[in-house]
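Here chain A shows up in two complexes: once beside chain B, once beside chain C.
Moving on to the complex of A and B:
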């Protein structure tokens, strides 16, 4: 049996397995740390910066999803400063693209929306970017709305690591980054897409949805995708 | 040349202003109605999946989102080429009737009753719902109760009163709860009693407005609205009928998809609201009206007993074709009777509780038109999509649009009758606004304009200098 390490999360001493990340240990012990780009069963990329935590003795904040635990680590998951940074990160996501909850298929079932509510966001302090972005309706069953994409890359990793098709990538840099299917081919023409729909289930917002659903009707089941990994690991 | 501006027109839905131009003798020479907001829905929906249209277009309005939801869903049904299941069709109509009740109650009791019951010349500071509460508390309470009933039925069906997501392309997304049906049935008689009392009061009050009846858009126009195959009043489905000013049928049983053969739209240089006209006659002689007054002129009968009884009396008092815009109020109340009776019929129908409520389909037509009679008149949603279902084009003709030309001419008529440029009376200018209120225009999407938008009236000289101001 692997030797455990002792870490302290919000003052509570917890025994963790070396190699586990702070986020994994926290979640396994009912300690809540918000996250958007993290999804169980996928590799962690530390993209959304919502899981930033304070670690004793470290001057900067660290992303809980990519920081492995070590003996004696003391983590603070919530503080006024962390809350304020998380709020900023969320508001910048809203300001970057055109998120209109009122007419979104995922309203009421959206991870971005519920995190905003949880953080008491009632308005955005930054000017909206209002980019002109296309909706890809070319796939017969699914639709990709770039307006609602937060570039969490959960779809990219799901398609690559679980389905093994690697249809999705992120092209461009910074504010110009865009989710692209098969080197910028329309989704409906992507020859590698198996139409399995796991990317849609993994998407935390209304960016990817099944066709034909109206406002508030699209519910996602990312846990189904996560379970595939755990079942394979169990084999 | 002097100008009087009514900016903004209060107690209407949305933003508008009125310019009254005076000649050198101080008499009214022209009057114009301007809608001052631009919305852009037809343009920004391009590229969106068509099945998002009901929820997007519902946001056009907070008073009658149900109208847009239904017209849009019908246009989407046409794109999918599906037949909506019977239960869903009836549920949609029930929702629509509930909306008629609440919207008409809002128009009559909240927006217009202050003018009608407190007096056109009464103190503007009290000529509002609060003033009404002081003078006619029972009537106002009943009005509030009636609107509440309509709103509650909407909530029972669609889970939300404003901008519900229940109405979807192909039907609705949940069946109706039988318990809620019972509850609604139990409350119907009280709602009907309120309307009957209000109509009785209105009939008694009517004779005190001879000048308003005479000058509120009292001129011949054509009329347009939906009718059933037998020529009876229809609000949810039916085909278009156009009649002339004398009541003769000019076009009948026009299928929704063919509306553009008969309706053209002109852009005006001084208003963001386009002006639809009857195409065979041309702009701007092809002026026609829609809404309660038009519908009762067009329909051979209502098709429900109590409403037909009221309609017979209405016609006996005012004639077969009623042309004064002032009678929109009377017609509106009769339509509430019809809506409540229709609700009763639908609630009594066992098919309403059917469990098959949604047809699913892909894009099977690249174009679809959905038409309903919104509380304010004929509402047209016309969409074009590509093979993948992305919107490529949209045309929306809203009820108030059809009345644009008539409201413009009506403003001139009423201004000429009441406004004397040498001596501006607030009550006179209020009549100009009251004319617009009679049409119950829905100029935008807001529920906020209930007596709180300030009305500023300005008299300006030919060089634009401010000569007088009321407000």
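Moving on to the complex of A and C:
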């Protein structure tokens, strides 16, 4: 058995396995840290910055999902400063694209929407960007609505790491970044897409959905995708 | 004590937020015991009066008229409440923002018309380039999200204001 390391999360001493990240240790011990781009069973990329935590002796904030634990690490998961940064991160996601929740298939089941509510966000302090964005309806069973994509890359990693097809990538830089299928081919023409639908289940927002659902009707099951990894690892 | 003066109006919205306001059921009687509605779709007044305590505004700012009414309401009211997602975020009215207004009007009233295709000009206010949330044009004091906001949320906000407190919605309401 590997040696355990002792870490402190919000003052509580916890025995963790080296190699585990702060977020993994927190989750395994019922300590809540908000996360959006992290999904169990996928590699962690630290894209959304929602899981930022304070680590004693480190001047800057660190993402819990990509920071491995080490002996003696002391983490603070919640403070007025963290709350304020998390709110900013969420508000900027809303300002960047067109999140019209009132007409979204995922409303009521959306991780972005519920994180905003949880953080007491009642309006966005920044001016909306109102970009003109496409909706790709070329796939016979699924839709990609760029208006609601937060570029978390959960679909990209799901398709690459679990399905092994690697249909998705993020192209462009900064505010021009876009999720693209197969080097910008419409989804319906992507020859590598197996139509498994796991990307749709992994997507935390209404950006990816199955066709045929109305407002508030699309529920996702990312846990089913995560379970595929743990089952494979268990073999 | 004088009753609190409330004015309400709807700009580019569907009236759903006003419906939700009425949906407070009998609680509205208690509100009206402490407040007078001095302007709004349900009131005869032609012009937003001076000296309003609370302005409750539904809808996005989409046209010149919306803009002017919002500015008048702001200037003549102590507290401005943005009621519902259109007023808070721009919501559905803002979905046209990527389309130039001339093209939009042409598409709807000419290409989209089955009878008498023509662009209406009489008594219609000019559309602004983009529809935006209330706070893009005036200072807003309290935001009440939801499409429409839940009646309990509206009641909470009005109740706090009538008691002279600043409502803190916390996590009571969400967008959508």
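The rule is short, and it goes like this: the second predicted complex is superposed on the first by the 235 of 235 C-alpha atoms of A that agree within 3 Å, B and C clash if a C-alpha of one lies under 4 Å from a C-alpha of the other, contacts with A are read in each partner's own complex, and residues count from 1 in each chain.
The working rule: a contact is a pair of C-beta atoms (placed from the backbone, for glycine too) under 8 Å apart; a residue touches a chain by one contact, two chains touch by 3 or more.
Bear in mind that the values here come from a model prediction, so they are computed numbers and not experimental data.
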So, after the overlay on chain A, do chain B and chain C clash or fit? They clash
In the superposed arrangement, does A:120 touch chain B (first), chain C (second), both or neither? second
I'd like to know which partner A:103 touches here: chain B for first, chain C for second, both or neither. both
Touching partner for A:68 - first (chain B), second (chain C), both, neither: neither
After superposition on the shared chain, which partner residues are touched by A:130: those of chain B (first), chain C (second), both, or neither? second
Quick check for you: in the superposed arrangement, does A:197 touch first (chain B), second (chain C), both or neither? neither
Tell me which touches more residues of chain A here: chain C or chain B. C
When you line up both complexes on chain A, which piece of chain C, out of 25-33, 43-51, 79-87 or 133-141, runs into chain B? 43-51
Touching both chain B and chain C, residues of chain A: 102-103, 216
Interface residues, chain A side, partner chain B - complex: 102-103, 105, 134-135, 137-138, 140, 143, 188, 211-217
Using the touch definition from the top, list the residues of chain A that touch chain C in their complex. 94, 98-104, 107-108, 113-114, 116-120, 122-124, 127-128, 130-133, 216
In their complex, what parts of chain C are in touch with chain A? 82, 85, 88-92, 94-95, 97-99, 130, 132-133, 135-136, 140, 143-145, 147, 169-171, 173-176
Inside the complex, what are the residues of chain B that reach chain A? 47-49, 51-52, 54-56, 59, 163, 165, 168-169, 173, 360, 362, 386, 388-390
